[in-house]
Every structure is written in C-alpha cells, then in structure tokens.
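Please find the structures below.
Look at the two complexes coming up: chain A is in both, with chain B in one and chain C in the other.
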Partner chain A sequence: VSLYLDPQIRDWVLFPITVVMILVGVLRHYVVLLLQSPPKKQPRNAVREQRALVRSQILRATSAHSPLPPSYYKAVSQYLSQAFADGTYLKDGPPKADAPASAPPNPLTDPNAMEGMMAGMKTQMVMMVPQMVIMGWINFFFQGFVLIKLPFPLTLGFKSMLQRGVETPDMDVRWVSSLSWYFLNFFGLNGLYRLILGGENSADSSRDMTSPFAAAAAAAPQPGQAQDYNKLFKAERDNLEFSEGLHTWIAHDVESRILRKYAGVPPNADDETGDGMVVKGTPARRDVSALFSQT
Partner chain B sequence: MEVAFSLQKLAAYKPRKTQKSKETLDAGLVLLENGGHATKGEAGWDAIEKLALAALDQGNTEVADRCIRILSDKFPDSPRVHILTGIRLEATEKTEAVLRYYDELLEENSSTAAAWQRKAHVLRQIGKVDRAVEELSAMLDTFYTEVEGWIELADIYLSCQQYTYALQSLSHALLLSPQNPSYFLQFAETAYLAEDIPLSLKMFLQTVDMTDDDDGDIAPGDSVPSGITLRAWFGVKLCVSKLIAEPRAASSSPSQTAAPSADNLNALANLSTERLRTAYLDIKHESPPTGDNELIAALTPLVK
Partner chain C sequence: MAATAPSAEAAAQLLFPPNVQYNASRLYTIKFLSSCFAGAVAGVLGLENTLGFALFILSTLFTSGCVFIKCKSRPAKYVPGGWWELVNPGTENIFSFVLVWTLFYDLE
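Coming up: the complex of A and B.
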C-alpha cells in the first residue's frame, strides 16, 4: 500500500525541521564556547605544590645516566626526600602534628570543586534546553500526520513511538510522524556538524549521552586533591630511594672511554722530526705500538 | 612550548653591544620603514621583537619604543610584550620605577617567572646581591624548570666566590638539560675554581666526549678540536698538569671523585697535549711551543 503525501508536507515540514535543527546546533556550539570561562589563575603556593612532583621526576628521569656525580645527586635527592616528608611543598604549609587527618573537603562547600561542577552543569543546560524547546514545537505544530516513509522495515513494536499522532491499526510502520524525523535528524546531523564546525564541536549529541558520567567523574577526584598531595609526596619518597640505588654517573668511566676513542693517536712527546707537524686527515704515522699502550 | 621558551630567553636577556646587534638593527630598520612586518605573520612579529632588542643593545631607545608600541598595539595582553617593555625601562628609568613595574607585573600574575627573574637581575645590577639571590632562589623554588634562572644564580654565586652553591645551582641546570654540553663545561670550570680537580677533570672529559663529533666522517683522532671541544681539552690539560704536579689534589676531592690511575693520567697528559698542539697548528699555522707552560700560555688567548 502506498500513500500519496501532499508535497506541501515535504516543503513545509521536512525541510524546515532539518534547517532549524542545523541552525540550533550551530548556535549551541557558539553559546558553549562563550560560556566557557578561562581556567582560574592559581596562587603561587598551589603552583609550587603541583610542580614539586615534577621536580622529583626530573631528577629521577636521568638517574641511570645521570649528569651528576654521586655526592651531588644524593644531596638533591635527600633534600627532596626530606622536604616531602616534612611537607614543605604543601600549599598550606607543613601539616601540624596534632591535627587529625582531615576529611576531603565537602564538594558543596569547597569553592574549587563547586566551580568545576557548575561549569559542567552550565554546558548541560545549554544542550538540554534547545532540545526540549524543539520537541515541544514539533509536537505542537507538526502533529497528526505522517511525514515520511522509512526506507527500511520495522517491527510493530515501534508503531506506538513513531506514529504518535495517527494511531491507525493497519498502517505500515514505515510511515512515521514528524517527531521521529526529529530523532533521525538528532542522531544524523553529527556528521554534518563535524563538517561545518570541525572535530571538537559542542553541538555533538553523542557527547550528551556520556556527559552526565563525564561531569561526575571529573568532579569526583577534585575534592580529594588537597589530601592527595601529601600521600603523593610520601609515595614519591619511595621512588626517590629506588632511583638513588639506580644512580650511575655518566662520567664515571669517561677516561677509559676517551682513551679508547683516541687510541692510535701518536703521542707528540716523542716526536722524531721535532717540528710537531701532524697533518690532518692522514692515517699515516700510526704507531701500532701505541694501540697496545692504552690501559 | 614556543611561548614559554621565548619568555625564558627574554628573562635572561642582557644588553650587549656587539657587531651582530648593529647589523640586526640596520637591517631591521629598513624593514620597519617599509612596514613589511605586518604581512609576514609570525616571523614578522618575531623580527620586530629582535629589532627592539638589538636597538636596546645599541642604546637606541627611540627605535625600541617604536617597536614596542607596534607590538603592544597588536598584542595588548601578551606577557612577552610586558617583559620587553620592562627591559626597555631598565635601559633608562630609575631603579625604583623599574622594580615597581616588575612588582605590578608579579601582582597581575601574567608572566610571573620571567618578571621575577628580571627583577632579580635589576637588583644584581644595582649591587643588592643578597636580595637578588633571595628573589632568584624564591623564584626557582616555585618555577623549578627555568634553566636560565639556575645559570644566572650560579653566575651570581661565582662572582661572590661561593663555589659550593654555584656548583649546586649548576647541578640543577644539568638535571634540567642533560644534553647541553656548555653546562658541563661551566660545571667543570666552576669545579676547577673550587679546587675539586678530579671532578673538574671528569667533567671536562665528559664535555669532550659529548662534543667531539665521533659520528662524523673523520675519526676523532684525526679531527682538529675547535670551539667548545678545544676549551674542554684546554681544561683537561690544566687539570692533568695540576694532578701530576700536586699529588695531594688527587686525594682531596670534596665530592670524593676518584682521580685517574697513574697510567691513565700519563696517557691523558700525552693525549691532551697532542690535541692542543693540533689545534694550535690549525689556528696559527706555525709550530706550537714545546714546553708545557709555554703551550698553555700560548693557548690561553685562543680559548677565550
């Protein structure tokens, strides 16, 4: 059975819904960009605390081929180890001896974590509000008729969802209402957004699906950070000790390396002709016995 | 990151009247007059910055002002422009004004490490060395990765003959750039001044090892030492002579570095002499002097 649809349905419903959704998507992208506030500048102490770990990592990175002689390496390593134990790098100064282990700051009261959550929630509102508005608009204006015939067959279970305004018992499920065209567009326009707005666009609906989890995951470790540094510093001390054992100075046996590299260079001390001339590039005058004189 | 690297270079900048800066100034002025900088994109703005620095080298503050005005019109909030303005102020303004300017920059937090370092530099210039050391140490405690800052700190300590602290600062610089041979050379020279001859010898040899281009076509034994390698060989010669002349120096190393065995020491003495003679011959095209002391004296001006 083939229904004949009024071409005006195509002109006045199909295209407008698509055009409106594209425009709203682009608008969402730019609104999210405007809403993103720049990362907050951190006070000096916080910066110092964050970079203290990097300092120890720099030291450890080259420990197997270290430029420093053992005494200097140990001096730096032990200074850092002591500083970590005392907590001199912590943002609020060394922990007082009598204070109990403080609980991680409550997300509702800690201002830093609060801001992170607010930023996530703002983006979510921007995503959700246009969707609700468009759905309401479609339901109000474009209800009660079928819009398109899907090119693929579907089971009867979809009838109630896709033919919301026109519940006829016999009509093929392939004839669907305008709301389903909305859903088709919603999932299908991601590719178009990627084309227009580039890869990292905020109009991408696949982001919305994961965003509640992403926002929660981002907020969760945030409150623990103040406490974490103390533990991280303590853990780093073990790493420092390990690297200290691993330490080798690259200049440890540099003399034998150099002597081996330059083996065969005739020593000038017993220069026979006495004019000290050594012509560059000639392999002649290579005293074979010189090769055996190196230890 | 490109921006951070340029900020570091600006932070460590010292005005120096050289031939090269004069040439840059002349060439750059032509460009400035034509207004060609606007069309060249990134390279154009970099050229304007270089021109401003060359102008400050030569003491031409007017050209520097023009350049800075162009840059600040284009990039109003750039930390690099702020530091450049600071450098220009250092050239003419009184110290208190300059220090106040840098303090303001530090409050604003936009270019903190570089501004801090320049403030310490200004303090050093006017002679307040202990305050300079304090500021620089505080800066490096927070911003550990500013290599140029560590080098400047070592330089200040060296000028006050505080060799241990200088060596410690240089060791941090070495940790941050272990592939840079000039830091090894600086470390070796400071160790020599600090009377730690075995350590100095090892570091000089390490510099040679790093810079003698043993991957090239010529075997190292046939090549002529030049530049940093020559300076390092010179250092090796001095250390070896000292170790042979004063056996006590071999056992009294503050860092407990082992001195080479007697055989190795002699081999190194011969090798370093040969290297230096080859280099002398190459530069002066005449026979090098035979005695040790004469050789050293002859080479001293060449390695400066």
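Coming up: the complex of A and C.
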C-alpha cells in the first residue's frame, strides 16, 4: 500500500521549504549581530576596579598547583590584600569615613541595567518572529496535501499534528503534511548552521528553548556601584588569605625530586603518594637537600 | 615535574584552551557530516525504521573507530572526556540524520 506522489510536489515544496529555512536562519544570525549595540565604554577607574578583582581571582585559581614560587605569590597576594583593604582600586577613591552606604540602584530606573534587559529581549523577539512567520506561510500555502512519507513509524497521537489539513482517519501516520517537514527542518538544521556560521551562531534553535528569563538574568548583573565593590573587595581579601594558605609551588623541592628520578637516589620514606613530592612542612628523613647546604 | 597522579584541577590547568576548542569543533564537524552521509545512505537504500536506526548506530561506531585510530589509540590526549566523548553523536546529529534520511527516502 503506497501512495504515488507527484514529483512536482517534491520540487516545489520540499526543496523550497528547506532552502527558505536555511536562508532565514542565516538572516536571523546577521540581524542579531547587527542589532547588538557595542558595550558602553567605561571610564578608566571603573575598568581598573573590575580588573583588580579579576587579577586576584586569576592568582587564586592556580594556587594549589601554582607555577609561582612562594616569594612571588606571597608578594602579589599581600599587596592585593592591602590594596583591597585600603580601597586604592575603588572607582571613586578610598571610601570616606562618613559616607553613607547607598543602596544599589533600582534596576528599573538605572539606565545601564535597562539597556542590558532590552538587548536580551530584542534578541528573543528576533528569534521568535521569523519562526511564526514561516509557520504561517507554510500553513497558508502548503496546506491540504500529503508531502512525504516518514521512514519510521510514529504513534497515532502524532496524527493530528502531522497530518493537519488532510482529514483521513485511516491513512498511515507515516504520510505527513508540510508542517511536519518544517519541524524536521527546524530541529535538523542546527548542525548545518553550526557548520556555516561557526559555533556561536544565533540561528541555533536549541538555544531558543532556554527560558527567555535566563537570557535576561545573564544580562542583568551589571558592574556594581562603588559600595558593592567595597564589599566584593572585602570578600576577596578573605579568599586571598585562604588561597595563600593553600599555596603549593609545583616546583617545590624539585632538586631532590630530579635526583631521585634520574640519579638513582633512594626514594624518600616520607613520600606517601609515591609521586616524588613531599608535602611541605613534613620533615624528610633522607632529605638530599642537605647535599646543597653549606654547613 | 608534575605529580604522577594529577588532581582534576591540575589536569585541567595543563590543558591549552585554543587546542581543546579546535579539537572539539573538528570533532563536531566530523560527527555532523558523518550523520548526514549516514542519512543519505539510509534514504537511498530505502531502509525502514529499525534498519535505518541500526545504520545510524553502525555509522556512529565506524566514525568513532576512525577518529580513535587518528587519536593513536589515546583519545584522552586529544579530547577531554575520553572515549565516550568520541562515540556520543549528540542530539542535534540524530535530528540531522532523520532529516537527511527522510529527504533521500522520498527522492526514491
């Protein structure tokens, strides 16, 4: 039992829908790109305070296996700690003793935060509008006939969605209308977009699925005002202290380790993990660094 | 000299991000193109439901075998996540497979 379809259906419906969807996807990507306003240029002081925070975070990130020797690490860490305490990096200078703690500005009235939210919403609108338009176009022009046969079976529940416009209760669910071809394309073209537009393209429909609030929330945390940075700096000081205690130089005791590995010196009895490193502070009984000491 | 059994963050610290990204995008391209070709093959051969998906699984395994050989049998060196990352086709590629399969199935 097989329906024979006019090949003109294939030429004039199958390919045009696919081509249109690809082109609209590319168009969406470029429209989003053009709509994005460049980030507002911030004064040097504001950038400086953000960068100071980032600098200390970078320092802390590798402290457990740090490439910096202890003297360098401690010097930078303590300098930053002191600077955060004094507020030398703050945008408006060190806080005055009698300055009242001002609340962070209300997101609805602060112009900076508004711009962020508007950008997010604009992107969402650009994503959704073409989808609606194409669906309407397909429903208007390509309705009332069967387009393709799916190679795999589906349950009867899909019949109402995929065979819209063709009112036959007995026809196999595998014969579907053009709307289902639209859905197939919708999901299947993401990989193609990624190929032609690169990884971060805006035509990817799998990103539309995430809640629009997620995008707005991502845009919402704006660089805080001066008071917020003061608190951030204080918190960062605690983190710096913690990381300083955690600091281990990966070249710690490297002379002994090299000798043990290459010069046949017997392994250290205090080395528990067998990696050649003794945790600092543990007295090494057969420590070969005595070879280097003068006395 | 790094420890012989590096912790997870030490191992992550030793990775070079641009290389990781390059490898990941190349791998994604390979998977996408192979799923498209598998779809075309399934459609041209006129394979029905189970046979078609069996072809998809077969082509995934074959592709990951080829990439494995290219990785000189050490996938952990090239792709973070080891061999599962190589084999896993990803949801987007399944949809692409079905799309191309349906397309070629109907072109006879």
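The rule is simple: the second predicted complex is superposed on the first by the 167 of 295 C-alpha atoms of A that agree within 3 Å, B and C clash if a C-alpha of one lies under 4 Å from a C-alpha of the other, contacts with A are read in each partner's own complex, and residues count from 1 in each chain.
Quick note on the criterion: a contact is a pair of C-beta atoms (placed from the backbone, for glycine too) under 8 Å apart; a residue touches a chain by one contact, two chains touch by 3 or more.
A quick note: this is a predicted structure, and the numbers were derived from the prediction, not measured.
In the superposition on chain A, contact of A:189 is made with chain C only, not with chain B.
Comparing chain B with chain C, more residues of chain A are touched by B. Once chain A of one complex is fitted onto chain A of the other, the partner contacts of A:144 are absent, as it touches neither chain B nor chain C. In the superposition on chain A, contact of A:245 is made with neither chain B nor chain C. In the superposition on chain A, A:157 contacts neither chain B nor chain C.
In the superposition on chain A, A:62 contacts both chain B and chain C. Once chain A of one complex is fitted onto chain A of the other, the partner contacts of A:169 are absent, as it touches neither chain B nor chain C.
When the two structures are aligned on the shared chain, A:254 is found in touch with chain B and with chain C. Touching of chain A by both chain B and chain C, each in its own complex, is seen for residues 62, 65, 250-251, 254, 257-258, 261, 275-277. The part of chain A that touches chain C in the complex is made up of residues 5, 10, 14, 18, 62, 64-65, 148-153, 181, 184-185, 187-192, 194-195, 199, 206, 250-251, 254, 257-258, 261, 273-277. Of all residues in chain C, those touching chain A in their complex are 1-7, 9-10, 13, 25, 28-29, 32, 35-36, 42-43, 47-49, 52-53, 92-93, 95-96, 98-103, 105-107. Every residue of chain B that touches chain A in the complex is listed here, in rising order: 109, 112, 141-145, 167-168, 171-172, 174-176, 178, 184, 199, 202-203, 205-206, 208-209, 212, 214, 218, 220-224, 255-257, 260-261, 263-264, 267-268, 270-271, 273-274, 277-278, 281-282, 287-288, 290.
Within the complex formed with chain B, the chain A residues making contact are 41, 44, 47-48, 51, 54-55, 58-59, 62, 65-72, 75-76, 250-252, 254-259, 261-269, 275-278, 280-283, 293-295.
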